[in-house]
Amino acid sequence: MGRLEAFSDAVLAIVLTLLVLELLPDGAQTPHELLANWPTYLAFITAFLTVGVVWLNHNQAVSRIRHATPIVQALNLALLLGATLMPWPTSLISAALEDGDRPDQIAAIFVFAIVAILISVPWLALDLYLIRHPTLLTSSEDVTWMRNHARISMWTLIAAVASVALAFASPLASLVLYAVVVASFLVIRLREETTDPTGLEDD
Amino acid sequence: MGRLEAFSDAVLAIVLTLLVLELLPDGAQTPHELLANWPTYLAFITAFLTVGVVWLNHNQAVSRIRHATPIVQALNLALLLGATLMPWPTSLISAALEDGDRPDQIAAIFVFAIVAILISVPWLALDLYLIRHPTLLTSSEDVTWMRNHARISMWTLIAAVASVALAFASPLASLVLYAVVVASFLVIRLREETTDPTGLEDD
Amino acid sequence: MGRLEAFSDAVLAIVLTLLVLELLPDGAQTPHELLANWPTYLAFITAFLTVGVVWLNHNQAVSRIRHATPIVQALNLALLLGATLMPWPTSLISAALEDGDRPDQIAAIFVFAIVAILISVPWLALDLYLIRHPTLLTSSEDVTWMRNHARISMWTLIAAVASVALAFASPLASLVLYAVVVASFLVIRLREETTDPTGLEDD
Amino acid sequence: MGRLEAFSDAVLAIVLTLLVLELLPDGAQTPHELLANWPTYLAFITAFLTVGVVWLNHNQAVSRIRHATPIVQALNLALLLGATLMPWPTSLISAALEDGDRPDQIAAIFVFAIVAILISVPWLALDLYLIRHPTLLTSSEDVTWMRNHARISMWTLIAAVASVALAFASPLASLVLYAVVVASFLVIRLREETTDPTGLEDD
């Protein structure tokens, strides 16, 4: 487990840091251009929050797994595949909001949703697999945690589909809503941990 | 060994994450352009699977080595040289399938095969070296593992040569075949581990 | 704490290493062009020192925290958000000093100050939170350390605001002053550690 | 020490992996273009070997230091500054050999030598500092190791100056010579370790 944990953390840390590439300018920027760049900032924040939430959850989940079976490793690799893709829709969305027309923006949100699904589906599978194999977990309370997490993964899937539907009305509103949902997940998870004494002992 | 392991993991994690650079667009993309980009997606998946398999195997191999002699370090560095090159043929293949003509595509597949060989040859050398120096391994069962792995490395070499030959008929078929072979390796290795109780105890 | 520490270190190591991207040329450079590039070198050194100081301080701060509560994790993530942004103002400043006019340069320094504030504010919050919750720290001497660090964070905030004010007179002088302030922080911190036996025992 | 070691390893791993960016093409490459790119391949190999040797030496040096004083941390950070710069001269050299004229090539080799000096000087200072403070080392044999390493650092400095002198006659010969010198260092170090039983026990 130690090496799987370290490897996943390294991948997530790199994804988080590569998001800044989207912000690097081609040349000198006027104050006006810097302000006009706001869609890029919004996309950056949304992607940063998403990867941050993935990291926090991954952190929690992995600390509850006692043993990395091949299935756990494969599902974890699938989950990382989705995470490493994150800079791609971030880049597409910021480009589409700045220079693209409506169909480009909807397509960019669509790619974002696909990437969110590529992260959520293997995670949901991992949760369900662990619920069925509780001997792989460190304690019986972990099953409850995995059930909660499976529910969150389900909601993330629904949010991804909803964000595509909303994108047809307004791509920007869709992105803002997604950022708000992710930020709420972050707050909920942090609160949950505070009130849950088991969570505290796991750190 | 600990530091060699952590360093190798870091390198492989970065390679895995840098593959996304190939996907980053220069500007807004129309839905049509996104779909027309499929060769890039195929090249990305193939490269991701390849690095993923290298990581899983490296993980397994390194956990069986008790002691990092200079030869082990040098062969490991040579293996990482090949792995860090992976984004290069990935980029060449996707560019050649999108904008290039037939000779460009064959050349790109050729570079891919060379990089696969640059990974396989030092690995094969490492396997053979460890088989001859079993005192460097943690247990006698590891010799069997190394022999199996040496056989897989041999097959990877043969697959690399075959993929170049096939590229003259169809570069795309060659890439697809390579992706299928790598995905099969992944499945076989994961299955093998499941049925091998020793593998379970190593985690 | 171990995983939070490793993750933060990985993020800071990647930020430090990505700063070099700003230096990579588009093609062959004449000796004259290399010399004319000095604003890029100055921006690189300033950013490298800044991230280096953040790493040293983070190193020290984290070794004094016994327990990562959700608040600690969230503030640490906020701090990393600022740190991952660092290549952005570095790139803006070097581009503005080379090709931009006065307003572009002031804007670039302004972005640099905002990023410095984005790092300092969560750090100040983290210091104050830990001072109020001394049970999260490893020893009572750590409260003194956190108080000192809070004071430094306050000065960094003031320096950031001052650098923007100075940028209206001379963007270049502002950048040089900032580099000197960061270098002084580095020297002060290193001296402080030398005379503080507690600091030595923490390594 | 543990965190300094992990941080340095992460930085060196990222530098090693970022070198591939130089190889990524702008579009489809004809077989002829791929072959004409050889200066890039030569620069890549030279830089990879250099960073590899830095890693192996760093690995050895750090395992002999018992205690990271602020001076050790500062010199290590200075050494990493040089290492993170490595992709810059690599990029300059390959661009100059492909598109530049003679002065561009000499300037690129000059930058390479400066970066080599930026790595060697803090390293030499670190060696000399540790020789004067043997209590920071784990055993008395480490002083001998540090003296040997100081001698190698001196030779690296001389090689850097010589490579610039040679560059006036032939930039390409200078690069080839440098690659050969670094490869020899690698072989010597690996042999040395093999015959030195102390080196074996440090792993």
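As written, the chains take the letters A, B, C and D, and residue 1 is the first residue of each chain.
In the analysis below, a contact is a pair of C-beta atoms (placed from the backbone, for glycine too) under 8 Å apart; a residue touches a chain by one contact, two chains touch by 3 or more.
Note that the structure is predicted; figures quoted are calculated from it, not measured.
Common contacts of chain A and chain B?
Of all the chains present, none is in contact with both chain A and chain B.
Along the shortest chain of touching chains, how many steps lie between chain A and chain D?
Each step joins two touching chains, and the minimum needed here is 2.
Going by C-alpha centroids, which chain is farthest from chain D? Tell me that one.
Following the centroid criterion, the farthest chain would be A.
Rounded to a multiple of 5, how large is the rotation, in degrees, that superposes the C-alpha trace of chain C on chain D?
Fitting chain C to chain D on C-alpha atoms yields 90 degrees.
How many angstrom between the C-alpha centroids of chain D and chain B?
So the centroids are 26 Å from each other.
Report the inter-centroid distance (CA atoms only) between chain B and chain C in whole Å.
About 37 Å, centre to centre.
For chain B, what residues touch not just one other chain but two or more?
6, 10, 14, 18, 21
Between the chains shown, work out who touches whom and classify the graph as line, ring, star, complete or other.
Drawn as a graph, the chains make one closed cycle, so a ring.
Which pairs of chains touch each other?
Taking the chains two at a time, the touching pairs are A-B, A-C, B-D, C-D.
Would you mind writing out the residues of chain B in touch with chain D in their complex?
Interface residues on chain B, with respect to chain D: 1, 3, 6-7, 10-11, 14-15, 18, 21-22, 67-71, 73-74, 77, 80-81, 84-88, 91-92, 95-96, 98-101, 103-104, 106-108, 111.
Considering only the defined contacts, which chain D positions touch chain B in the complex?
Contacts found on chain D: 5-6, 9-10, 12-14, 16-21, 23-25, 27-31, 34, 48, 52, 55-56, 59, 63, 186, 189-191, 193-194, 200, 203.
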